[in-house]
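Each structure below appears as structure tokens.
First chain A sits with chain B, and in the next complex the same chain sits with chain C.
Let's look at the complex of A and B:
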């Protein structure tokens, strides 16, 4: 039987502490009722964030850009290591078995990149091939998955590792603007690692065969999600039109990829969608005419962790695998969205 | 033969610039948006989600297609109905929940609202319609009564005399007649824009004040209670379909 490039195991880890959404608002000193409403209406219950320095009233102290950079470096590496250990254990592999690593992060800039730190700390082989994907935002997990799965298809006996490690709290700024409140109320910290390799058969705990990817960028909305440099720190900006931009465009890449494989939306058995925010999820759900049940993991991950950026979809995918409901022949569709404005899609078959 | 269908019976859309409004579409235009059990279940799940969404302040209900908002219950599902079905009529419970929901609902009637379709529109807090809309309660001709809140909600809106014209004598109202007796608040091809304008207005009001105001206004209409309505329908189901 021809071997197929499949997901062999997903590991997840979250740094810091899991806080109630209301606690985070309190620690960030939210007083304004409009801003408090943004926190309360986010459909997020808890999030892991790395707050380390508090004043005598328990409020988070203003962090310098150096503090934030250090925070990213420390937790992006540490948390990724935990996620990788978890993923390798599930896949029944060790660091020595990994031939290719793709590391994704947008919440801090490291040189040498995250992949180099992980190789050094975890003892991956010195001839491990690697790539670091930096600054592509929430969609970038699928951008990282493409080279990993391409590598595995080219080398059926080898194994690849995708790592998404985001410390979104290393991008928090403290001010009273609505824009900052939207960012600070939404994003959480977390890392994921996914091992890919070739297996001829679907077994319990193993994911879908990766069939194809489809990319789509909407250049007219290049500014809808972006970093603004304020002279000291990077501030993330999210336009309030994002749900509508995505909603109006989501069908194009989804249907294009499905058409190439002779499929329709109704043929998809399992959906894994990036937990971008409640309105974004609603918009995608409504425009593809899929049900809340289809995006149950996406909604649950948002509720429990907030938007984890590039690795969020792997948290949802892990829940789908753990449900153990996918049958041989079931179709899987993964969607991630991010700056550009970008939609990345992936089609798989269990 | 089972209807082979892949689209969902109920869709939702968002209004650009108005995150606080959700538009719920009945999506069975080939059957004049008549509701079957599956559509009622989908509508219930959709509305429940919206009720739980604190960011939504107003709901607009409309129908897909140009001719009908909703032609009421699918007649193909009537056979085999029992007294118990009449007592526990799902549409009645669903429409009552909509009427009593803390969120304001507006029916944007793209076409005919007949039978249960009119009852659904009556469960909303406001109705606006397209010029081709028409309204009627044909239930008595089928040996039934409007049992999903129509008899309770129609008289306070248009008056008992006019309600009797519609229910007993099969009087159908066109859009202008419906406006004259205050069944709809606006007639025009711009009905959806008008619905969105009203929805945007109420969505920014204090939710608690809206909830309390709805409770007070609904308390004025408690003399025609729903248990009487359900017993009537149970009796008629038992006689007609068993």
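Let's look at the complex of A and C:
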């Protein structure tokens, strides 16, 4: 039987502590009722964030740009290590078995990159091939998955590792603007690691064969999601029209990818969608005409962790695999969205 | 009105089509129909309606037949495939109308309930006997509560007590009731009455209605805004 590039195991980890949404608002000193409403109406219940320095009233102290950079460096590496250990254990492999690593992050800039730190700390082989994908945002998990699976297809006996590590709280700024409130109420910290390799059989805990990817960028909305530098720190900006821009465009890449494989939306048995936010998920549901059940893991991950950026879809994918309902032959469709404005799609078959 | 030849042959269901109307009919010669064969053909018809048919209105006729095997519990795979095809039909950008005359039972009742409207004769009765046999009726039967309320739905679904046309009409489950002789004329009148100007608006509105009662105000508002944006997007 021909071997197929499949996901062999996903590991997840979250740094810091899990806080209720209302606790985070309190720690960030939110007093304005409008801003408090943004925190309360986000459909997010809890999030892991790395708050380490508090004043005598329990409020988070103002962090310098150096503090935030150090926070990213510490937690992006530490949390990724935990996720990798978890993923390798599920896949039944060790660091010595990994031939290729793609590391994805947008919450801090490291040089040498995250992959170099992980190789040093965890003892991966010195000839491990690697790539670091930095600054592509929430969609970048699928952008990282492409080279990993391409590598595995080219070298059927080898194994690849995708790591997404985001410390979104290293990008928090404190001010009273609505824009900052939207960002501070949405994003959480978390890392994922996914091992890929060639296995001919679908077994419990193993994911779908990766068939193809489709990319789509909407250049007219290049500024809709972006980092601004305020002279001291990077601030993340989210345009309020993003859910509708994504909704109005989502069908194009989805149908294009399906058409190449002779499939329709009705042929997809399992959906894994990035937990971008309540309005984004609603917009995708109604524009693709898929149900709340189809995006149950996306909604649950958003509720429990907030938007985890590039690795969020792997949290959902892990839940789908743990459900153990996918049958041989079922079709899987993965969608991530992010700055650009970008939609990335992946088609798989269990 | 012309007979449509779809690529795969169907024995139980015929499709006739004119400019803006498709009629899907269970063959009159049948006394009872095989459940598995019916599901297979319904999937073919649903694919045709989604992929090729350009009409905005679909009428299902002949749904008051006995289905063989209704006293046996289907496999879990059958339920999965059945719900999938009903979901596909529900989501079509078309107005679905069930035309009923007689006893509409179990799986055919589910199909009638997944339609947007029902035009029926006074002799029509709905029967859901699945729970008496030992399994659960499909999701569209469970929609019955939204139409007729918990009291009546409880008697129909849990106890299998027939739900007669007059009661169903009074509660809004049947949209147009008439005599057998009037049925054909009433169907065409009803089609004129309910055919929407924008099928996209109809489709999204139908989805929001199906999801009503299920969500908090905040969730429903989010769904509404997402649907409205799709509706007015050029």
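Just so we're on the same page, the second predicted complex is superposed on the first by the 350 of 350 C-alpha atoms of A that agree within 3 Å, B and C clash if a C-alpha of one lies under 4 Å from a C-alpha of the other, contacts with A are read in each partner's own complex, and residues count from 1 in each chain.
Here is the rule we go by: a contact is a pair of C-beta atoms (placed from the backbone, for glycine too) under 8 Å apart; a residue touches a chain by one contact, two chains touch by 3 or more.
Small disclaimer: the values here were computed from a predicted structure and weren't measured.
In the model built by aligning both structures on chain A, chain B clashes with chain C. Of the two partner chains, both chain B and chain C are touched by A:266. In the superposed model, A:286 lies in contact with both chain B and chain C.
In the superposition on chain A, A:240 makes contact with chain B only, while chain C stays out of contact range. Residue overlap on chain A between its contacts with chain B in one complex and with chain C in the other: 41, 43, 243-244, 247, 264, 266, 278-279, 282-283, 285-286, 289, 291-292. The touching residues of chain A, when paired with chain B in their complex, are 40-41, 43, 240-241, 243-244, 247, 264, 266, 278-279, 282-283, 285-286, 289, 291-292. If you check the complex, the residues on chain A that touch chain C are 41, 43, 243-244, 247-248, 264, 266, 278-279, 282-283, 285-287, 289, 291-292.
By the touch rule above, chain C contacts chain A in their complex via residues 50-51, 84, 87-88, 91, 204, 207, 211, 218-219, 222-223, 225-227, 229-230, 233. By the touch criterion stated above, chain B contacts chain A in their complex at residues 6-8, 11-14, 16, 19, 45, 49, 53-55.
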